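The following pair of complexes shares a single chain, subunit A, combined with subunit B in the former and subunit C in the latter.
Up next, the complex of A and B:
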């Protein structure tokens, strides 16, 4: 082996080793420590080694559990809305837009992601608030006489925020999912005489299921995990797991924050396990015809 | 012509994409029960024609009539046609039986009847025992058979095949060609088959239409097209024809005299109209050209020309002599290997001759053809 290729080989090795080391140190280790710390004893400003399920008891026997379940419910609604709004866009792009232009069109839907989420979500407040754009317009039109107070600082506001934040993602993951659906499929369906409903039910959904599931899990997990959305748009009845953890940290209750994180992680793994049993997620990024 | 309208009739069919004219005034009649092949080079418009007949494209102008009914504005499933696609276009998540029965499951037909019909059709294409396989577990040929069954089970009476064998390897293609032909004879419906492969076309076709540059150039039986091509394009595309370019000197009655590289050659006009001075080409199939050392003895005047020998190419069954005329037209003379003991060296002057009646006369440029 020449000296040159020896250097190249060891460089190549480091290209893999460095990211793995990074992820082990800064992702896997903290994730494990989260579970460990969640059973530590709380002290005034930090925690001390020990074993107690107090934090879990605290979570499961308080209003936090209800809030957590409610946020799962709201998150599910956001997933459904995103799918209904976003997936047909992905199908449309795949079916009607010329191959060469497809990625550019998808890029248009991803552009909103380039704006900081904080700013995007915060910009919703003047739109949704009591004397905001929505209420103003509805009152001018005479649809309502009193401003709607049910939009902002409610679960509805959070759901709107979630759809806004995650819709681009479902378009993108839907588009990837549709790569598993060859274009000729639509022509066969036309030839056989399948209507839109049957095409979706019999062909598109079964073929795109793994991709749709992956996109849905992403939205769901972010819906229960991202504290920003309920923090800016939510209210008493619209708190999610991310916000519960954030609030616990503010209250210096670190073991509780860790316990909430561990519960969220467990929920994610449960979802992935169910999805894997249903759709065999190893095939998500496979090309056509498998 | 009888009073029964043709299974397929297109009238002055044109399809334009912006400036691109994919089809120009194509009129064709296809009788019920006919195996009709659209043959031509890639990008010539034959697939566009097929897809317009099937309802996947709307014509820019002109109309499509199936059994005498204008269907130009009807979607594919409302036409008595069904399409077999080029690639292995099956539903990848369904079994073979699922693929074949899916079309019928969209109708009101009872389930057990659908199963029975689908199984009968699978038997017809030789896939009994494969009902529960998935498409990716099948070979290319088997996948195309499933496509055939999926289309035939619908009981529509015009089957459209878009390069159905293009993805198969050469030997399999030959076998499948004959199977397609036999299948068509068995079911008795109209088949319209698109291909760029001449041998494939000649194997299956009752009639062949040549399509190039969006025009229907010529149509006829395989024998007509091969032995008596009317158009220069047909002669250049079908068979191994030699084309000799020159100028028409005189026409009297059916006889034409053409100047090719300073030599006067005779040809028949065969009803085409020419005038003296026209740029024309004479075509002759390579297997009809005989070669001789320079003496012109034994050949008929007006049916021989001198060329320069370039090389001999051994092709197994046949051997091909490659020569050039003095106007730099390339000529091939092909004979069954071993049936000629002639030996030439590059640069030798060689006499080329043929029987009167072996040649065809063509206008130099193929004009837009409206039958």
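Up next, the complex of A and C:
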């Protein structure tokens, strides 16, 4: 083996090793530590090594479980709304926009992410509040006579926030998924006279399912994890898993915060496992236009 | 002074002190460090007199390196007890009534020598008489903190819409304000204020609203759950801006909140939003300054005491009262205001006098209860608060 090919082989090996090392250090290790710390004993100001399931018992036998389940329910609704609104956008861009412009159109959906999430969510309040833009417009148009109070500081307010914050995820993943659907299939469907509903139901959805599922998981996990949304848009005591963990940290109950994080991670893995069994998620990265 | 000048001055100071240290040996090290700015880890409400700290620096005659600090007890404990807070900060703020004990018990802060603070003679007598307020600055009988602001939190209400004055926490639970009432999303003040109301109105037997037994916590939370289920609360507010927006936008008409929230909401909405005196009592609290162990080791005591002298000067007290509505912690504020008409016009003077009179009325209410950062049964507080939230 020449010196040059030896260096190339060595470099190639490092190209694989470095990402693995990175993921181990910044992803796997923190997750392992989260699980380990969740069974530590709580002290007044920190925690000490030990083994107790008290934090898990605390979570599953208290109202925190109900809060967690409620946030899962609200996130599921947000996922459905995002699917109904976002996926047709992805399909439209893929099918109707000239190929050269498609990526630019999708990039437009990145623009909101250039603004801090806190500001984006906070900016919803003047829009949705009692004397906000929505109520003002509806009252001026004579659609309502009293301000709507159900759209802010309610679970609906949180769902609206989740949809507006996370809709781009389903557009991106839907668009990527649609790239895996060969264009000639649409032409065949049109030639055979299939209507739009059947094309969606029998062709697009099955083929794009892995991508749609991935986008849905992104939205769902963010919905139960981003503490900002229930905090700013939710009603009295609106809470999700992220906020439960934050509150546990505020109360210096670090093992409980770790347990909540571990439960969230387990929920995510369970979802991914189910998704993989149903849709074979490895297809997400299949070659384009095969 | 701009940053370049500050850096230059610091560099010259360091070089000079370094030479001095070299000449006199390592015993000069604290003096060497004393030329460094005092590294403050403090809440933004600790500053008056402008947008930056220059007015405070000028008045105290020291240089300050400010670091913003949240009000979260967990952050302070993590940083100072298990983190690197003592390396980073010379002085810090937090709530008296728990935090000073916790930090002192962990050797994160040091005992103070009040004889080095000339204005200590001004401190409110309540800090000297051995009562609840006096305990908030002491650990095992020794002074470890200097108070700089305090208040008795109360009920803010929209007088323009309601058309009458409110003087009872009952308003928060009154069906005429159904869906237009808010409380803080924090079990500490919310459970304490509710307990004060329930105790004073004879609706529940509660020994100490600031340190309830598990059964008392349960009773208070069940009361809140019952009203929450009836739709009494619009929301539980979180953070200063949220509290302001709720009142200013008329989302809520009554809210238990901090006084600056009422002041800013009133200015923002141009409505008559008032801060009442509750007949049942209030949760009283203070915020205190502490010298970290690291600050003392770095020779920053002198700068710390100079700054504390300013915090006990009516110069500071009058400005925090005027700007944020907090209670000054020293005597002589009225005299200072009268003696400085250029700094306080008639309108400001009238507002400050009204605030001071209202504060005195609130502090005089018999049912007041001092804030307790770490109640004995904190787990029960947390668990029951989670139930209130999920109800």
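What we mean here is this: the second predicted complex is superposed on the first by the 263 of 290 C-alpha atoms of A that agree within 3 Å, B and C clash if a C-alpha of one lies under 4 Å from a C-alpha of the other, contacts with A are read in each partner's own complex, and residues count from 1 in each chain.
Definition applied: contacts are C-beta pairs under 8 Å (C-beta built on N, C-alpha and C of every residue); 3 or more make two chains touch, one makes a residue touch a chain.
Every value quoted in this text rests on a predicted model; they were computed, and no experiment measured them.
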Fit-or-clash call for subunit B and subunit C when the two complexes are aligned on subunit A: fit
Contacts of A:74 with subunit B and subunit C, given as first, second, both or neither: neither
Angle, in degrees and to the nearest 10, that opens at subunit A between the C-alpha centres of subunit B and subunit C: 150
Which of subunit B and subunit C A:94 touches, first, second, both or neither: neither
Comparison of subunit B and subunit C by subunit A residues contacted: C
Partner chain in contact with A:66 - subunit B first, subunit C second, else both or neither: second
First, second, both or neither for A:187, with subunit B first and subunit C second: first
Smallest separation in angstrom, by C-alpha atoms, between subunit B and subunit C in the superposition: 45
On subunit A, the residue positions that both subunit B and subunit C contact, one per complex: none
Subunit A-touching residues of subunit B, taken from the complex the two chains share: 54-56, 75-78, 82-83, 85, 87, 89, 91-93, 102-103, 106, 135-136, 150-151, 154
Partner subunit B, residues of subunit A touching it in the complex: 182, 184-185, 187-188, 190-194, 198, 202-203, 206-207, 288-290
Sites on subunit A touched by subunit C in the complex: 44-46, 58, 62-64, 66-67, 70, 122, 125-126, 129-132, 149, 152-153, 231-232, 234-239, 244, 247-253
Residue ranges of subunit C in contact with subunit A within the complex: 72-74, 77-78, 81-82, 102, 106, 179, 182-183, 185, 228, 233-236, 238, 241-242, 245, 249-251, 374, 378-379, 382-383, 386-391
